[in-house]
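Next come two complexes, and both contain chain A; in the first it sits with chain B, in the second with chain C.
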Partner chain A sequence: MTDGTRSRRGDEAGRFAALLLHDVGKYIARTARNVQGQEWTPELSAMLCRDLFEMAGGRASRVFEERAKPIEMLIGAQPDLEQVRDLLSQIDSLESAVRQGEPDALGRAGQLAREVEAALRAFARTLQEGTP
Partner chain B sequence: MNPTAPLLLIVDDGDRYVEVAHRFLRGYRYATRCQLAGPCWTCDERPGCRLTHAHDFLEADEALRLHPDVDVVLLDLAFDLPEARLVPSREPDLEKRRHLQGIDILAHLRRTHLDLPVVLMTSEEELIYEEAAAALAVDEYVTLAAADAFDARALGLLVERVLARRSHVADPGQYRWGNCVGMARLRRDAVVLARTSLPMLLVGESGTGKSALAEQVIHPASRRKGIFLSVDLAALPATLVAAELFGTSRGAFSGAMDRAGRFERAHGGTLLLEEVGNLPMDAQRMLLLAMESGRVTRLGESTPRPVDVRLVAATNADLPAAVRAGTFRADLYARLNPAARMLIPPLRERTQDLAELMSHLLARAFSRAPHATLLAEYTSAAGLPPAGGVALSFGRAPHDGKDVTFALSSASWRALRAHGWPGNVRELDHLVTTVAVFALADALAAVEAGRAAEATARVVPVPSKLVRDLLAAPGAALAGPGRVTIDLHPAPTLHALSRRIESQVLRLTFDDSGGDFSAMAARLLDGDAAANARRVRLRFNQLGMRVRRGPGRR
Partner chain C sequence: MRRLLVIEDGSEYAEFARLFLGHDFEVVAARSAEESLHALETQSIDVLLVDLRFDRAPLEMLAGNIEASAERLFAGDRSRALRHLQDQQGVLILSALRAAGHHQTAVFVHEFPARRLANLRRLYGEVRAVPSFDAKALRRALGADA
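== the complex of A and B ==
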């Protein structure tokens, strides 16, 4: 692969990473960022469920896979994306408890959502500064 | 809900932002598209309601029409909408348009709301197209929310910072922009360029407001701590221009004193060179040197002095033609940054702004002596409570209110719109003030003679004939700065001729300044202002001239 091709692919991947950050990273922690240390009321729990499992396009893990796929096709598997995949898997495993409003599950899911956002923001920044 | 809380408008294709705002930022008011009172979070209609915010640019227009007092717009970047609901564009890539729809909506808003603060709910990492970043770089009223977009506490602090900054931004409130496209472009360019160190070149006909633009907009927007100073190069004898601009040292020429020039006096501030096309060649060379080196040398000295001046040059001349004719240096013209010259449209090309300008000029004229005194005298004589201010009505019944309203007939309004305004805003200013002063003087005379009813005293009719006569009259109102037009007829002696000319000059400046002898003296004489005002009043009387009270006594 020539340097030019690598550079073009890096640019493309950067664009997809920005979309991933916008479509998943920004929205997934929308509620979680604002209720740290507070009580999860039914209204807030419903908002969190929408963030995690009812995004435009489906649950967060599904939207993530759709947006991450072209990046991995362009520049191969990425440890950062693997980490996010793992975090989203943990969130999915908490779905039932979160929907039932269990405080511990809500708190844990919120924490995981914030970690997803931070990881995706850092990943997008890294790609824009240069292909990893 | 605090009725004075800042009013936010959310523009987002979804409802994620509005949910967060309504849940976590309840200290603000929100510009909805519905007529119901009260915040959305207490409204029975809230579930499923789509009027809580704007989902596209058309709904943003609708919300801004309903709430023209919006303080800050929170605008999303990407909009997943059908093409028909996107801002029209020539960009063929639909996905790109959707991703950057927030930028297109911002540009759309700027056509009507040039300085409305906008927080773009995105971060630099999401701005993947260079043109998006470029568009935002020149918009001083936009702020990126970055990672704060969904952090309500951080977003609230960001909104407060935006609101605080707005109150510190140059207040162009004194300068009336109007609504024409040329003025909108001018406003944007002026504020952006003022923040740079580039020279600025203002081009426009006499009376269009170049000096006001420099003083009321460019100087404050540049945020410089020094003073604003202007020098009219057309009013200075060619032999004095260099001394005036660059200063003198004792002995430089006969009678020369140690004296700082305008450049030195404007150090740290803004220097406006009016009618820069009139600059003599020698002074052009010195100006070029000053601009290139940032130093000026007083006449008679050899050591240059550093100066830090934001230079604004203004002209109504065709400088490229002057360069071709060899009367203006090409290198100096290039140095004046002609590529970014700002064109101020003549008034005849912005007659849609006439009513707004007239109301503004009238209010300004009656906000200070001597016209404020005349207004107070009138309201007192008419038995009215003190006026809140003055207003204009155009061809229809004026609103009730505390203002004294000058009522123009439909015929006058048509005549004003059809007029060519060769003297531009300055001519309009003189005309509005003269018309109002004469109309008020007539009304005062009627009240004093017991011919006016108290019930109708709040409205002062402006005779159509007065407007017609003033529009047709050549004279001070049509003249440029420092110029008057006089009627010259042969006289039996030179003494009689000069007396006749002097009378006309005094009469024109008297009318022009609304009968204010101090203002007349400031235009006619250098030196002690109070003593000059007395001299002018004395001369006015010596020449047998009398103060007119109104058109009926002319």
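== the complex of A and C ==
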């Protein structure tokens, strides 16, 4: 692969990473980053469920897969994305308890959502600085 | 109470604003440049909260001209022009509002590179950006304490 091709792929991957941050990272933590150490009211719990499981385009893990696919096609498997995939699978495993409003599950899912946002933000910044 | 106009193609921003900023602002929602102009011309609006990317809006509701953008920016490629209009719709709407004489502070929830933000300020006056849905940071950016 020439340097020019590598650079174009890196630029394109950076654009897709920004999209991934916008569509998943920003929205998944919409509620969670503002409810730390506070009570999860029914209104807040319902909004968290929408952030995690009812995003525009489906559950966060599904939207993530759609947005991550072109990045991995351009620059190969990325450990940072694997980490996010694992966080999202943990969130999915909590769905039933979160929907039932169990406080521990809500707190844990919120923590995981904040970690997803932070990881995707760091990944997007890394790609903007140069393809890993 | 101050009035906040939320401009987006979904309902996530307005829902967030009503829940986390509702003590500071009365929230008014608009889904397009046309609806935003109507709101600004019929109500007293103090500040704008603008989504950047509108990928759920019907084509006919998007600000900007696909054919002209395709010719001017993308060598006639209509699909790239459409993507551009969707990806930058918030800025295009803000441009239309400024052209119509509405100069309220506009806040985006987006991590703009510093140069891009400086350019937006040069073009559109008071533009602020907060990288995430952080209610405290947004309250400050929206001038809730003013």
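Brief remarks follow.
As a working rule, the second predicted complex is superposed on the first by the 132 of 132 C-alpha atoms of A that agree within 3 Å, B and C clash if a C-alpha of one lies under 4 Å from a C-alpha of the other, contacts with A are read in each partner's own complex, and residues count from 1 in each chain.
Here is the rule we use: a residue touches a chain if its C-beta (ideal position, glycine included) is under 8 Å from a C-beta of that chain, and two chains touch if they have at least 3 such contacts.
Note that the structure is predicted; figures quoted are calculated from it, not measured.
The superposition on chain A brings chain B into a clash with chain C.
Look at A:85: by the touch rule set out above, it reaches neither chain B nor chain C. Using the contact criterion defined above for the overlaid structures, shared-chain residue A:43 touches chain B and also reaches chain C. Once chain A of one complex is fitted onto chain A of the other, the partner contacts of A:22 extend to both chain B and chain C.
Using the contact criterion defined above for the overlaid structures, shared-chain residue A:59 touches neither chain B nor chain C, since it reaches no partner. Once the two complexes are laid over each other on the shared chain, residue contacts for A:14 go to chain B alone; chain C is not touched.
Residues 21-22, 26-27, 29-31, 33-34, 43-44, 47, 56, 121, 124, 128 of chain A are contacted both by chain B in one complex and by chain C in the other.
Put simply, chain C touches chain A in their complex at residues 10, 12, 15-16, 19-20, 52-53, 56, 109-111, 113, 131-135. Note for the complex: chain B touches chain A at residues 14, 16, 19-20, 23-24, 77-78, 80, 99, 122-123, 125-128, 147, 149-153.
Those residues of chain A that touch chain C in the shared complex are 21-23, 25-27, 29-31, 33-34, 43-44, 47, 50, 56, 117, 121, 124, 128. Note for the complex: chain A touches chain B at residues 14-15, 17-19, 21-22, 26-27, 29-31, 33-34, 43-44, 47, 56, 121, 124-125, 128.
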